[in-house]
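These are the structures in question, set out in turn.
Each of the next two complexes has subunit A plus one more chain, namely subunit B in the first and subunit C in the second.
Our next item is the complex of A and B:
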């Protein structure tokens, strides 16, 4: 499919940049290696730090033997809990919902395998690495608790970002008593580790009490005061640079122990220090997705419509912090149902603390919801798409609010057409391809909320016609350098090439967190507003200037585009920005902006992006190896700023869905709690051969309520729907469902044997 | 990583002499050795670089019709060599079923033979591992062992040999040429590897200083060229170690099997030549019933070493699949997904 410019929402006019499938503006820098990632920085006098990770998951460090490390040539210092100064803020204190309890050598307790217990600092990376290997620890070991059979259950205060752990609406009991049928899906999802291509890294340099940090970060506005608090310096003393991130997926929105140790080491040594995690160290202190054990039950009326829904999720967290994946809330706003209940129970594992990982809550929850829906469709003897339409929600069933916009019907329609869904046989096990492989088709509904964060931006127009726009936004690879640039250029009414644009630096206005699929709407909205603020000021000057062709046009709508201000009613009447400023003798105009979501809209409407994913799988009839041969997703997410990048995000999300359904699983030894597959040979994600054909379609949707620009997110929704679609396709191919993700060869084998006997 | 010396050998003789010093290891492609060194599992004092030794990177046909492949031939070069493709297609298929294109470009024939198990407890320095140091015990025994051995294991070690390439080599009865401090000798693939015993870790029959200089594919192996396949079951379509794999080579005449060669991968500490299964097949009808009997014979002595009983059933099934695929004939052209169960073809399914 060729990229086409999207139809703009009518209520706000964007300029000529947004909606275009512009290629990445940072692409050249990235492919030529001139884009500087944090660990690329090498200030003069740089020292290298490598931390020693705990070999037990629970207990205490009795003693650390560091002499051998200190004697190793090149090693200059070993930090241990005995010689590490206290931080100004206790790292076990939670000052914001985004603050994680972290391990910065402030105590001798061990709370998970892979926790830093010492830091070796050396003149070279090799010396630091070998020094770390030479440190030995004597532990007081307590038994590790890994898995729902061993973890300690508790009633949580909240799930996700401060969401109540229990939700109910309507009378579940009475709805059930009226039901004619019932289905229940019980499935587990494993621990998953973010594993961005770029591992977490920090390069820290102190100058007195001023600190410069190079660190990939999704939330500069939070990180800056967060770091300052740990080190007891004013926030303005911290400069954080994060121009490029090699993936974030949520884990780079939070400050972790290793980075703070790097900063601490630099302060101790009075020299710049670099600390970069090895791949295996990504399986400990830097978050992961909670493991879950879920039950989704639907009770159906005689007409097979949903009457009641209950979603219960057991969710893992660490022993010392409380972040829980809100899996059971994934079912609340998708399908029409009379009564519903969602509840969570926490389980303490001796792992690091989980956190938000791409499509938190929804990815895990929808993976089970969508299989339950297909089980219900099977019970009804209906096509899964037809069945979803039967239970289509025109209002958010959890609160009765209308959706701000919901083009899900169109997503179903366009996705099904592109996939060729209509020929699907109802019963499983009936399709074989020309190679004799079992073939199955499955689908799932995608949904992701559309949050909005209070981002700020600045724009500048100079007398020579040049322009600048900036915000501290973050490009994790999703394309912020391009999409935000397009929006900034449109706000100012200039061509993207004529704009000097900057993001990823703490000196810039707070662009808020690049997370929750809200960045384009939030930071982009702020940039657009800042540009508009400049144009507003420019219009004031022009309309009061007798020499301007726009003189006296103050009551008319004026438009800035292509570096020219003109009347909306007659584009021939106008003049170039530079002419207005030069005549007025003004060097530059600065504009400030914030994105805006109408408060009343928030209270009135339910706001989501939607989509439908269709999957085709091939399964070997004896050996049960699975391959997803086709994926087609159709998504509606309001105004699309850059269709090329949006498709890239959606495609990436769908591939992650393949990963969730078939591959990813963080395995810990149940006795020791240590990860056993902490590298890319053992921790599987799809390779190219696993995703032969993925297609993301953009469905037109105008959302007049979600924010001023009608922009929603595309970063996370691709995972949701896809996981269940694949599980449903595997069922359609084989007639088998498994009790856990990822769907494994041995599980299908076992179920097939059980079916025969 | 521990500091080490690096020495570049100019000849096999100087390499062997240098490697006879304790703490020396040969360095070729480095695709496994460097990982082991980074993990601290191997801590050599000295790397003897054999990549510049002249003559080790040749593929030649011997006077007896055998194919001699130098130890330094890179996997990707070997897999695309016309003689290998024509005469020993299952070997080429196994090579291309292993690792990734990038790794195959670096990895060598000798290094592939000498690679270590990927048992995660072997790599984890906090875990007990008899293979790393005899007497520590085996943490895999009661640990995460779904991918571990079902044949030839003892409580000393339940690790599996990871190579794909070695599986058809075992089936063919290929040999390695070894030069050591005591001169030259030849070993069959079957004799090269040693299974674990009680109180003895698995390993190889090589001694300090021994260098594999070449691999010899016997001329007799060519007679299987028309019916030779390698089939590998794995958790993702590429770049994954085998759950189980099988090499099958058949000579069929008048609907009966005249000669069969079989080996299994991913089931034991060595590539597992299935001689009992071969005996079942020789003279038998070329039919699924025969293949089933052969598979039962091949796994008759199998026992789970942990949470891996499914591997016994899967090994039988992959063996049957490999036999059916081989019987259907070697594909005229290397499949797009070499060794994949998806490349088996309809007749074999």
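Our next item is the complex of A and C:
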């Protein structure tokens, strides 16, 4: 079987805009400081709100002392559970899979440290901050449950959004009984906090029962009815504006307590209210990545090919909600194996509830899978790349479906060549650089699914030749303002500069969720279809107009490009859009569109983006300080709309991989449950000096089945593969593997001492 | 007890009455003057999103009390372009894709302007990586940031601007 599809089933030709490395359409606004993020809004009469967070992780608030705050100059009100009205919808009710149970001062229970227990509202930000500091709480404290040794275990109903927690295929026992070798990787991954640079914020203003909200949001179409339900107003009364998000990474897709408190405060005060989280408040009510404790076991045949795979994951959630990272499902579709089993066990910690964080499930799971695969390669005495090719999956091993497209072999090849992988010594500990640092090379396979959401869009062509396209959409940095603009322009057959383009607010057609690496395909597909709908109507008019050179060409394929409609078979036969409309006396044509994925394709094919990441690390031989000196990734993700932006997404994801492997760890005190490193001094993410060389290569891939346009996602895949590549490089440098991420100096030192004794 | 201060920001004088000495330069810029290009990422000098120039030096505006800056010459991201013409650092950030979400970008750009002048436009790639490491970017746009600063430095030395 070949990796490249033989027939381009319904591959659509895009126009002259897509495929271009256009710079960001929102670039000018972002470099001049005029891009308006939620907290930049300052309506007249604005009040500032700062919430007081619980200082315990479990128990009850017996009493709140708010007098000192109320006396502070500028403070106008303190909201507590005693004086806060009930919401119209119980915030502990889950009405959709995207609804989180949230804390909006509706009870006196404390379920995690950092939960809002009061809100101070003041004329100035300084007064609100000081007022919040002056509120004191008396608690009835119950012991906090933090960590897998203390958390309460349970059998989950689902992991991720709604995936079954247990999966098995084939006879694991019999495959194992035929195996000749076995490896097992046991590793823990910590809580990780999204920490977008823009903290969650809201500016809310009521006008009677109409509400205007400035709030960064990845899923405007869900947020609008969600907010309306909490406040008992019709969805059409809510205007949500989110033109720019200062990062999201999954944490701005659902509604959270603090932002609902800001909206509630505005209603109570009958004045606009701004509430922006402090950085330390980002470590509680606004989600995080589950901690995991995983075992990945591969059983190998005499030929060292995988015979059986078992992936078990213990995964953390909160005491009051059920979101679990689906780590153990990361192993199901990546390598060929005869029999497999994946299972999850939930653990309740007294933390906020986790949620989707960049490459949910796959990031955590593949970090351990790629380690296990390298351990197997070591057992086989084979080069890790050669070994991955030995276990290459030509069909999805979890269901036998062919891949809609899979250019992973090319990714391996191009990535390895760019990295210089062929010179890698097989054994660890053999390479030193000119400074005497231990040097290691490691690799990992990247994979991420290619979902598709039902987005809608509208397009408009006017008599004067101007055009407009719109969908609610969301640009959280991935480049929606640009890539979607390019696709919309191609749908209409106009130059991007001639298009008036709008995304990022709730008055527009529902662009669905910017998440799951599906936004470009879904919202872009809808925009392209909306433009095509306009062109179809235009063609109808032209082919029935005796004065048009296209008269009677109704059975021919007509193409719109550059503001001109012409015959595909003879581009010279055609005319400008403006001529068609003016002759027909039509002011404007409106088109509507939805992106499309063929239902039969969904049932027939396994749909993923793929990639290969190669890492070089330098490790100090005495201190075990680790640096990632080089990262090269090669990725195949179908049709690339904007290579400049796609590369940025991929390198950004790879840097998240560096962060996962070496930096990030949300630490909660085991006695109190409080986060102990809830700032950027304690919660480490990479800085520029940590990532001297990161390079992403785009590998050509035509995917005729994934959707009409053959577009897959690039936003999340970069982190997958990278984490394992770094761990494997550390092993190659030192001969040591640790049992947890992030890989720490002390763990390497400990293992090195153990090795010597 | 109102405190009357005057701040020179982007060449323009702003007269302010503060109720006390608490407001930081960052909050004064954002909440009182309406220059919201300068961003708050951590409010404690750990992320660099609020970087502005004070008398040509880069500082974290979240750690500076506004009352301490009477008479200082403050430049924010809004004051960098020359009318319609972008500052070379701004142009280089667009062309090298030195940002994604854009939230840390004003701070990155102000930091880069300050850094390039600190090094008289002769910084090596390694010095850029070190010198720009006080500005966090959670999107991980670092490859573009490094290229942008390198490129801007070159443009500025060609224009004799650094």
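To be clear about the criterion, the second predicted complex is superposed on the first by the 747 of 757 C-alpha atoms of A that agree within 3 Å, B and C clash if a C-alpha of one lies under 4 Å from a C-alpha of the other, contacts with A are read in each partner's own complex, and residues count from 1 in each chain.
What we mean here is this: a contact is a pair of C-beta atoms (placed from the backbone, for glycine too) under 8 Å apart; a residue touches a chain by one contact, two chains touch by 3 or more.
What you are looking at is a predicted structure, and each value in this text was computed from that prediction instead of being measured.
In the superposition on chain A, A:645 makes contact with subunit C only, while subunit B stays out of contact range. In the overlay built on the shared chain, the residue A:501 is in contact with neither subunit B nor subunit C. In the superposition on chain A, A:126 makes contact with both subunit B and subunit C. Once the two complexes are laid over each other on the shared chain, residue contacts for A:663 go to subunit B alone; subunit C is not touched. When the two complexes are overlaid on their common chain A, residue A:745 makes contact with subunit B while staying clear of subunit C. Set against each other, subunit B and subunit C touch different numbers of residues in subunit A, with C touching more. Within the superposed three-chain model, A:197 lies in touch with subunit C and out of touch with subunit B [touch as defined at top]. By the touch criterion defined above, A:436 lies against subunit B but remains apart from subunit C after alignment on the C-alpha atoms of chain A. Once the two complexes are overlaid on the shared chain, A:244 sits against subunit C while remaining clear of subunit B. Legend: residue contacts after superposition of the two complexes on their common chain; A:30 is shown touching subunit C, with no touch to subunit B.
Overlap of the subunit B and subunit C interfaces on subunit A: residues 73, 126, 130, 681, 686-690.
Listed in rising order, the residues of subunit A touching subunit B in the complex are 55-56, 73, 126, 129-130, 133, 434-437, 618, 620-623, 625, 627, 662-663, 667, 669-672, 674, 676-677, 681-682, 684, 686-690, 744-746, 749-750, 753. Only residues 23-24, 26-37, 39-40, 42, 48, 73-74, 124-126, 130, 195-199, 244-249, 276, 278-279, 475-479, 644-645, 647-649, 651-656, 659, 679-681, 685-692, 694-695 of subunit A touch subunit C when the two sit together in their complex. Of all residues in subunit B, those touching subunit A in their complex are 1-3, 40, 100, 118, 120-121, 124-127, 139, 142-144, 146, 233-241, 243, 310, 313-314, 317-318, 320-321, 337, 340-342, 344-346, 349. By the touch criterion given at the top, residues 19-20, 22-23, 27, 30-31, 34-44, 46-47, 49, 76-78, 80-81, 86, 90-91, 93-95, 97, 99-106, 109, 125-126, 128-130, 132-146 of subunit C touch subunit A in their complex.
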